[in-house]
Amino acid sequence: MNEVILYTVLSLTGLGILAAAIIHLVSKKFAVQEDERIDKVEEVLPATNCGGCGQPGCRAFAKAVVEAGTLEELHCPVGGNAVMKQVAAILGIEAVERDPYIAVVRCSGSFEYRKKTNIYDGESSCKIAATLYSGDTGCAYGCLGMGDCVEVCDFEAMYMDEKTGLPVIIEDKCTACNACVKECPKDILELWPKGKKNKRIYVACLNEEKGSSARKECAVACSGCAKCFESCRYDAITINNSLAAIDPEKCTLCLECVETCDVRNIITANIPDEKIKHATEHRIRLEERARKKKEEEKMAAQAGQQQNGDATTQA
Amino acid sequence: MRLHKHKTFKTGGIHPHDNKLSSQVAITPLPLPKMVTIPIIQHIGAPAKIVVNRGDMIKTGQIIATHEGFVSSNIHASVSGRVGVIEEVMDSTGFKHMAINIRVKGDDWEESIDRSDTLIEEIKLTPKEIVSRIMEAGVVGMGGAAFPSHVKLSVPEGKHVDHLLINGVECEPYLTADHRVMLEKPKEIIVGIKILMKALGVQKAIIGIEDNKADAIEIFQQLLKNEKHIGVEALEVQYPQGGEKQLIQALLNREVPSGGLPADVGVIVHNVGTTYAVYEAVQKNKPLIERVVTVTGKSVKQPSNFLVRIGTPVIDLLIAAGGVPEDTGKIVSGGPMMGKAIADLDVPVAKGTSGILLIPKDEASRSEVYNCVHCGKCIEACPMGLEPYRLLIMSKKGNSKRAKEEHILDCIECGSCSFVCPSNRPILDYIRLGKTQLKKQKSV
Amino acid sequence: MSEGLLTVSPSPHIHTDLTVPQIMRGVIIAMIPALLFSVYNFGLGAVYVTLLAILFCVVIEYAIARYLLKRPASIYDGSAIITGMLLAFNVPSNLPWHIILIGSAVAIGIGKMSFGGLGNNPFNPALVGRVFLLLSFPVEMTSWPTAGATWSLDGVTGATPLGILKDGLRAGDSVPDIMNQMPSYTDFFFGLQGGSLGEMSAFAILLGLMYMLYRKIITWHIPVSMLATILLMTGIFWLLDPTRFANPLFHLLTGGIMLGAVFMATDYVTSPFTHRGMLVFGVGIGVLTVVIRLFGSYPEGVSFAILIMNAFVPLINSYTKQPRYGSKSQRHKAYQEKLEKEVKATP
């Protein structure tokens, strides 16, 4: 009996040692040499594997960073500057500061403003509806409202507002990973600089049709009336194809354009109403002054002419 | 019961109820509309270039937009009158395209057009002249896809064509436009076939007609008794037999290779409607400015076949067919299997519009979707021998590379898979999406 | 919602009438003749077992869908009713309720819902339940009430013809001797034999098959290939040694072969896609059934055969794909070769 136990223990121990030896040798022989900095970089990354940096995942990003040895072209939008600083510290290279971005919804055609012209009854997916036709409202540029963007958001930073039928971005949660921007077949979503103290303004319309037909389709469509364009003193607003657009690089957030829009389609974020009011008053004052100046000049010119006239008659 | 079974295609196929309500209703010309809207893209290829201005007075048959490049088509005024606004309008594709609006005044035709009914049998033109005349006349495939006909007739070098197939199948349920043209203009169609044969230099032509149109088959058999080179073949009813590739398989048992053209297997296919348009273009010098449109549906008071000027708003056709019934839930431009639902009654009739189908409200919406039960019906139904249920999964996951390996681009979008799916799964919706995404990737 | 607006959806705009609920209803109707026969044979017990099995299956599916998977209940498609009926068809009519409950729980819970519900299960749920019960409760599952004798719940129990055959062979009797104790083939055909609830009458099941074929719910491929294989194989063995092997007709008409061929093997979810695949599948079930019946220790092998072949379905599918249009164009190849020759010949 004892013999059986002894032999069992011995043979099993022997087998175990043999297997351990084989595993050890194999792991030595076929070990994959990897830069250990990759692991370190990966550790500080947010591990969301969202692909927002353009790499297929956080590990791939870490690898790319280590290989590149510079942060010029690589940036993790989710981690932001804080994480990139840590990465730079690990690799002993210089950190590159970047302005944080956020996704914005560039359509304000809610149910109220944009009446349905037909009932869509296919698979509930914006992408499929977009391959079929221009949409269930008159506007061929607007949001289709089936929430493909919300589906792809990994950060639960979006939801569909049932009252308006438009997606809403939760500012604190949006990491600017670009997933929704890529998904939207109508290019309604766009990455926008988050702005100083999260303040930013943008035009929430993409309708390139002429004013009258655009307004027929959607009560808040940009008609390309160019009032905002005229009010801007910094050349930050351009009008192309009857559509106004704000250049975030040039915009100084003077807010003077906001209330020139008769449908209030210049959307402001995190800016108190008072400031807009002040800005508008300021603009009106400026305009008044400009008008007066013009008038005075005109008067002066007329007066000058008259004087000249008088002079000639006298002469 | 027939003992002898007619020919048909072998891969897949379905048998929807054919509902040919208007097959015994003769073609009637629709009264001239008050105005027409003629989109400058009614065909596959580049949009035509507008050559008229607002306010111009034009005659019926006058060119208003010329073809841009080879794969494109001329557009002619279908009425006489004054050119109105030129702007983007919603057409039957569901998207907005540039279109020319014409306010109708009288019916003043170009003098060069022969409007008489006399049959001209003698073909005077050389093959090259025939092709250029067809190109000038803006003839496109009238079965639905609207591919410019002159492109089809210009066989690429190194390819040898030995058969011309004339597509008189009209496999879409409800539609009867081609059927009526075959019954009322058979002699013209035969001359048209001879013109096409001369242009292509082929010795053999076959007209394929499904056997639910026995009267048309009989007429052609009578007329072609003494013709050695043109035959007529009855085909078993099966959808989508009117697909080019399916018709080639049915009549000649040849298969067009993946990504290839019918010319690769020595065949050119033209629709009977197109053949009639070719006859008119070549023998009568008449451009493609009108076509036969079936207005049909279970609730339509008088299902009809109208001869309609291109650009006529759909609403005019509906009024002529007894008005829009109360319970209309969906209006389809084309047949129920491949047609496009339209949202707007002002959509103009285009060169490829073969029918207007009204679907009542209770049949307009899709039913509840269930899980895939793996019944394999979509696989059995697919005329291209694909695996639609898998293509759906791949497209849904955005795996276009795998979908391409599974030949998603071979799909002819006939809709058989979605039709047979007992779980009402949106198979074709996703396949179409997958194809669109692949094409987008290609262009990027 | 909005009145007067037109609906827009991608093509096609018409759809077949044969949708999932319609199909399920059709299958249920096809099972009714067999159910009526078993009621005629076994009395109220059959009704009791069938109703209990349906009730348990539906309730369990509802509960799992609602409270475990947290999604809308999927019971309205009728597939749970079919699973319940099929499970009942596969058990004796005097089975106690708690065993039915266990069977239903295994069939729906493990056989179906654990894979994600309708359409995702690799094995036929009713058979999973049935085989589980057969292995767990061998005594209860194999004491069948004698046909025609009972209109009460506690009748006389007896063995099935297959059981008698197997026991006889074990005892060393020859087949012709055993056959003398059996009912006639007409009795087999019309269902006057011992056995599980629904497998009694080949006639009633064939009625169901006719109906399903007429409604185009199933195709002939699986039942015919399976039955033909069984007929052929048992025929060969019978010709080789009639004293050891029973004749093919006996095999066809007894046990669960008819039920399996018509209702179990033809389940959409667990059978191959293409007609060619279905033929392979049917032949496979036939071969396995005969092997188990003739050489295994169980008298009956249909359930095991079907479950085993269920596992092969993905493999069968990948080998029996529909030929793609244009892929086998021999004509095209020949044509091109001819063309090339012509091109070469011309100077």
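When the chains are written out, they are named A, B and C in that same order, and each has its own residue count from 1.
Here is the rule we go by: a residue touches a chain if its C-beta (ideal position, glycine included) is under 8 Å from a C-beta of that chain, and two chains touch if they have at least 3 such contacts.
Please read all numbers here as calculations on a predicted model, not as lab measurements.
Taken chain by chain, the contacts link every pair, so each chain touches all the others.
Judged by contacting C-beta pairs, the busier of the interfaces A-B and A-C is A-B. Of all the chains shown, the one with its CA centroid nearest the global CA centroid is B. Our note on geometry: subunit A versus subunit B, Cα centroid distance of 44 Å, whole angstroms. Between the CA-based centres of subunit A and subunit C the separation comes to 57 Å, rounded to the whole angstrom. Among the residues of subunit A, those in touch with two or more other chains are 117-118, 121-123, 128, 131-133, 136. In subunit B, the residues that reach two or more other chains under the touch definition are 94, 340, 343-344, 364-366, 426, 429, 432.
Taken residue by residue, subunit C touches two or more other chains at 5-10, whereas all remaining positions touch fewer.
Residue ranges of subunit C in contact with subunit B, taken from their complex: 5-16, 18-20, 22-23, 74, 77, 116-120, 268-270, 272-275, 277, 321-329, 331-332, 335, 339, 342-343. On the subunit A side of its complex with subunit B, the touching residues are 117-118, 121-123, 125, 127-128, 131-134, 136, 140, 209, 213. Here subunit C touches subunit A in the complex through residues 1-2, 5-10, going by the rule given at the top. Of all residues in subunit B, those touching subunit A in their complex are 87-88, 90, 93-96, 340, 343-344, 364-366, 426, 429-430, 432-433, 436. Residues 11-12, 14, 16, 94, 158, 160, 173, 245, 249, 253-258, 260, 264-266, 328-332, 334, 336-344, 357, 359, 363-367, 370-376, 379-380, 382-387, 407, 410, 413, 415, 418-424, 426, 428-429, 432 of subunit B are the ones touching subunit C in the complex.
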